[in-house]
Amino acid sequence: MTMLLEARPTRSRLPGAIWPLAALAAFAASGPFLAPYDPDAQDLLRVMEAPSWHHLLGTDHVGRDVLSRVLAGAPQSLGLAALCVALAASIGVMLGLSAANGGRFTRAAIMRLADLMLAFPGLLLAMLFAGFLGGGIWPMLIGLKLALWPQYARMAEAVATGVLREGHVEAARLAGFPERVILLRHVLPAVLRAILPLATFGVGQAIMSISALGFLGLGLKPPTPEWGATINELLPFLSEGFVQMAAPCLLIFVSVLLLTLAGRALATQTTGLNHD
Amino acid sequence: MTTIARIILSRIGQALATAAMLATLCFAFVHALPGDLSLRVAAARVGDERVTSETAERIRREEGLDRPLIVQYGQWMGNLARGDLGRSLLSGKPVTAELAYHTKFTLQLGLIGWLLSYVLALPLGIWAGMRPGGAVDRATEALAVTLASLPAFLVGIGLITLFALTLRWLPPAGFRTFAHMVLPAFTLALSLVAFSIPVIRNAVVEARSAFFMTYARVKGLSPVSALRHHGLRNAAIPVVTFAALQFAFVIDGFVVIETLFNYPGLGELLVKALVARDVPVIMGAGLVIGFAFALVSLLADLARLWLDPRELAEARA
Amino acid sequence: MTDMALTITNLWVRDRQGNALVKGVSLAVPRNGVLTLIGETGSGKSLIAQAVFGLLSPELAASGTITIAGHRPIEAGNPRALARLWREQIMLIPQEPSLALDPTMKVRRQMALAGLADAAINPALSAFDLPASTGQSFPFALSGGMAQRVLIATALGVGAPVIIADEPTKGLDTDRVTQTIDALRQLAGAGRTLLVITHERRVAEELPGELAIIRDGAIIERGESVHILEAPESDYARIWLDADPRHWPRCHRCCDMERLTLSAHGLSFGWPQQPPLFENLDLHLPKGGVLAVSGPSGSGKSTLGDILLGLRRPRMGSVEWGGIDIVASSAAIRPLRQRYQKLHQDPIKAFLPHLALMRQFKALEAVKPGLSVARDLPPLLDRLRVKPSLLNRLPGEISGGEAQRLALARILLLDPFAIIADEPTSRLDPVVQRETMLLLRELVDENGLGLVLISHDLALLRSLADETIDLSDHRPRSPAQLKGATASTTLS
């Protein structure tokens, strides 16, 4: 692991993209603890109440505090998306590296599988998993992961193949460094640099997919306060509770926007580094 | 032309393979589920409360669920080859009829939304690409990033809130008149525009800055004829390819949009079937979607071959 | 001055910060004459061509005047006015021919769009040794040299009296350079006025007319080509023109043929399902010897280098490292692995891009027992004339010449028996190339190494090598021809 640390750029500036990411992570982690009320506590005497000092974002159709619900939903919407992408990216990187490093047969097998998976519409795959396995966290995670890993595998394979052809890899081989060192010090850092922007962007896409599944009633099921599921529950009351509906919608939008911008910033930064 | 024929054949083969894989995957899922399938079917047909062991037993016999899996799979695939997808567990109607009815609506919505998205994106993208870094470029970029960060159902909810609930210009849901199509089509178009604007803009920038455009001027062509002879085709290659592919990605969007607007397309059918575990319908819908997806990527490939001689040479090699 | 077809007067080009990149250049090309403008990379020579066409990037500002015979002088800062001269008065042969052709259109149609009559296209092509089928090809099917000649044919066809060729030989193989120079001479013969911009001395030597040398944006010498090449006046011109490999001091040494450090017998190699690239190749590299391998691009030069290094297996034949066959037993490679090293074409890419150079040197201690970088590196850097402070930088932050010397230092730390240098200076400027190459030869002498030098530049090889192998002599031929072919050509 020290090899990995060594391989970092020496004049590492903290990328500007780190701040929105840190803010989102902090929000996802602390959300449930900030909730003023129990997110599941119903109060049928106070349904669809407009925002007030007691309920800053009003109440929903069974009298639950909307602010508490969206805060409690943060770890599910954001954390699950991050987890999902992290798993898919690690699987993809591992398979991509094996493909780049392996023989002709291994490479063909892995890359053809990736192509085949990419031939399926991503959300459809997740929907089928979620639908068949009856919703909940695991079917959705498996479905999304299956849909997501191929793009990371492709990227990792392309970058690793390129790096393995470069002069510094050949120089290291001729100097007698073992393959393990070459993989860890020469290939992996380059692959991770390329994967990072894609994964950041991917978390945003995963948030949209998870909330879409929740919205379709195929993801996390009510009363889970996942944002998409919350929107699904509130949809029939759209004309009465605009603020209640706007809260989870805005949260999804802002999270995805931050991740998209961070991904773009990371991408320009890494391509900028590659240029010099 | 044999090259083209070979590519078409191989891509149709791929499309069939994709569809068959999807179907097999569905079949595997259904039977890999824990619990008794016939009980679940019974619950779907008569409702959870009224299921008895007799109804389950009857369904097991009727649907042939007591036979070995491989036999059921073989029979299902055999029926599939004859174009028989079975009957919906929910409505009892033939799956092919259900699919045909709903596919028509989806195609209508998809085509209109897709065309509408290019009616919006082409002028904006070209305008932005004519002056990279200018005010229009930055404004459209911001628009594209914003739209790309909005899931389709949020765009839809926003449009419903504005045009149906507040302004009351359009109906919020349903499918009876053309007015019902407006909001879903715009929702679809806006979520597609987010990705097509940057592609068009970059294609225009690239084609304009290519040295062969400058050289065409040096060798005597006017700006207009340089654009006509060299610029258009080169800029069109990435755009046409992307547009065709995007038609395939409409699939990811329409499921959500149809559910939101209560529009009776394939996506809505699929979601209802998924919720009710209506297995034959799920499998049929999966097949149609997978096949359509592959077919559209075939069209994208052909468009690229037609426009770009380099691709054709590569395909020949 | 009346008979000047193209006159450039007091041309200045400045960037946004106000730095002058071209400093008051005045040039005139007589009617039907040839002027060659020669200078190294970054001397501003291509900016002059761009300024004449009004094609400078918007970040640059030009002043001065451009005059075409029979027209009023035009302000260099007025690209619109200059654009009116295009095709009718002046024509460009651009630097990157493949970028000047529309990739989606057949060559013939592109020439027709330039105004060449349909019947004139085939003669125009064949005048420059291009088959008529070239017209029916798409640009991606043409080699760089062919695309170049298509553009030269187009330039002649449009009929502009003044033609400017910007680096017409850049990136071409030696024999393609000859072909391009012939084509340019043909243009001059057809009564065109020619301004040729180049960095290659050869172009200046083989074109008639005048020569101007440019350095840092200013003309430092100009006059009849022959005179300047014979006796340059300024010091810079002398140093720079001497950097041409054909003017290096010749090498005549005796090598110890008894102690071969590297040899190969009966080598042949070809890509799968393709005819062999070379067959029945023998080579011998003694300690302190320099063996050169040349051949056109695609002849398998680099592949031969990889075979000699044990990185690729030949189809047939043997490679011996100090008498041990490494093809027959790959286990034999391991103990000698570090002793056979490669000097890469792109020295900066030979280092990990995101790790400070010092740490990359330090890492060698893990694979070379007994090596102490702190002890062994400083004297080596001193010998190679590299500042030790460079080691604190990233590879991207040093120049190509510095990187190549550091790559050499890394190799020398491993106590090599032989070095395979694959086009080691093709990305360096002529002056740096000369310095690096002479240094390499000194090191070979001092340390008793063997050096295999791979290059397409015959002049460079002739000046350095004891022996040259031309791979095109080892292409498979009919048996009758094969008998007559010599295995290797010894030069002395």
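Order of writing sets the chain letters: A, B and C. Residues in each chain are counted from 1.
Heads up, the rule we're going with is that a contact is a pair of C-beta atoms (placed from the backbone, for glycine too) under 8 Å apart; a residue touches a chain by one contact, two chains touch by 3 or more.
These numbers were taken from a predicted model, which means no experiment stands behind them.
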| item | value |
| --- | --- |
| Mutual neighbours - chains that touch subunit A and subunit C alike | B |
| Pair of chains joined by the greatest number of C-beta pairs in contact | A-B |
| Distance from the mean Cα position of subunit C to that of subunit A, given in whole angstrom | 48 |
| Distance from the mean Cα position of subunit B to that of subunit A, given in whole angstrom | 23 |
| Rounded Å distance between subunit B and subunit C, as computed from the means of their C-alpha atoms | 51 |
| For subunit B, residues contacting two or more additional chains | none |
| Footprint of subunit C on subunit B - complex, ascending | 210-212, 214-221, 225, 229-230, 233-234, 237, 307-310, 313 |
| Of all residues in subunit C, those that touch subunit B in their complex | 53, 55, 83, 86-88, 91-92, 94, 96, 99-105, 113-115, 138, 140-141, 154, 158 |
| Touch list for subunit A against partner subunit C, complex | 6-11, 166-168, 170-171, 173-177, 181, 185-186, 189, 273-274, 276 |
| Subunit A partner contacts - residues on subunit C that touch it in the complex | 309, 311, 337-338, 340-342, 344-347, 349-356, 359, 363-364, 366-368, 394, 396-397, 407, 410, 414 |
| For the subunit A and subunit B complex, residues of the former touching the latter | 116, 119-124, 127-133, 204, 208, 211-212, 215-218, 228, 231, 235, 238-239, 242, 245, 249, 252-253, 256-257, 260-261, 264 |
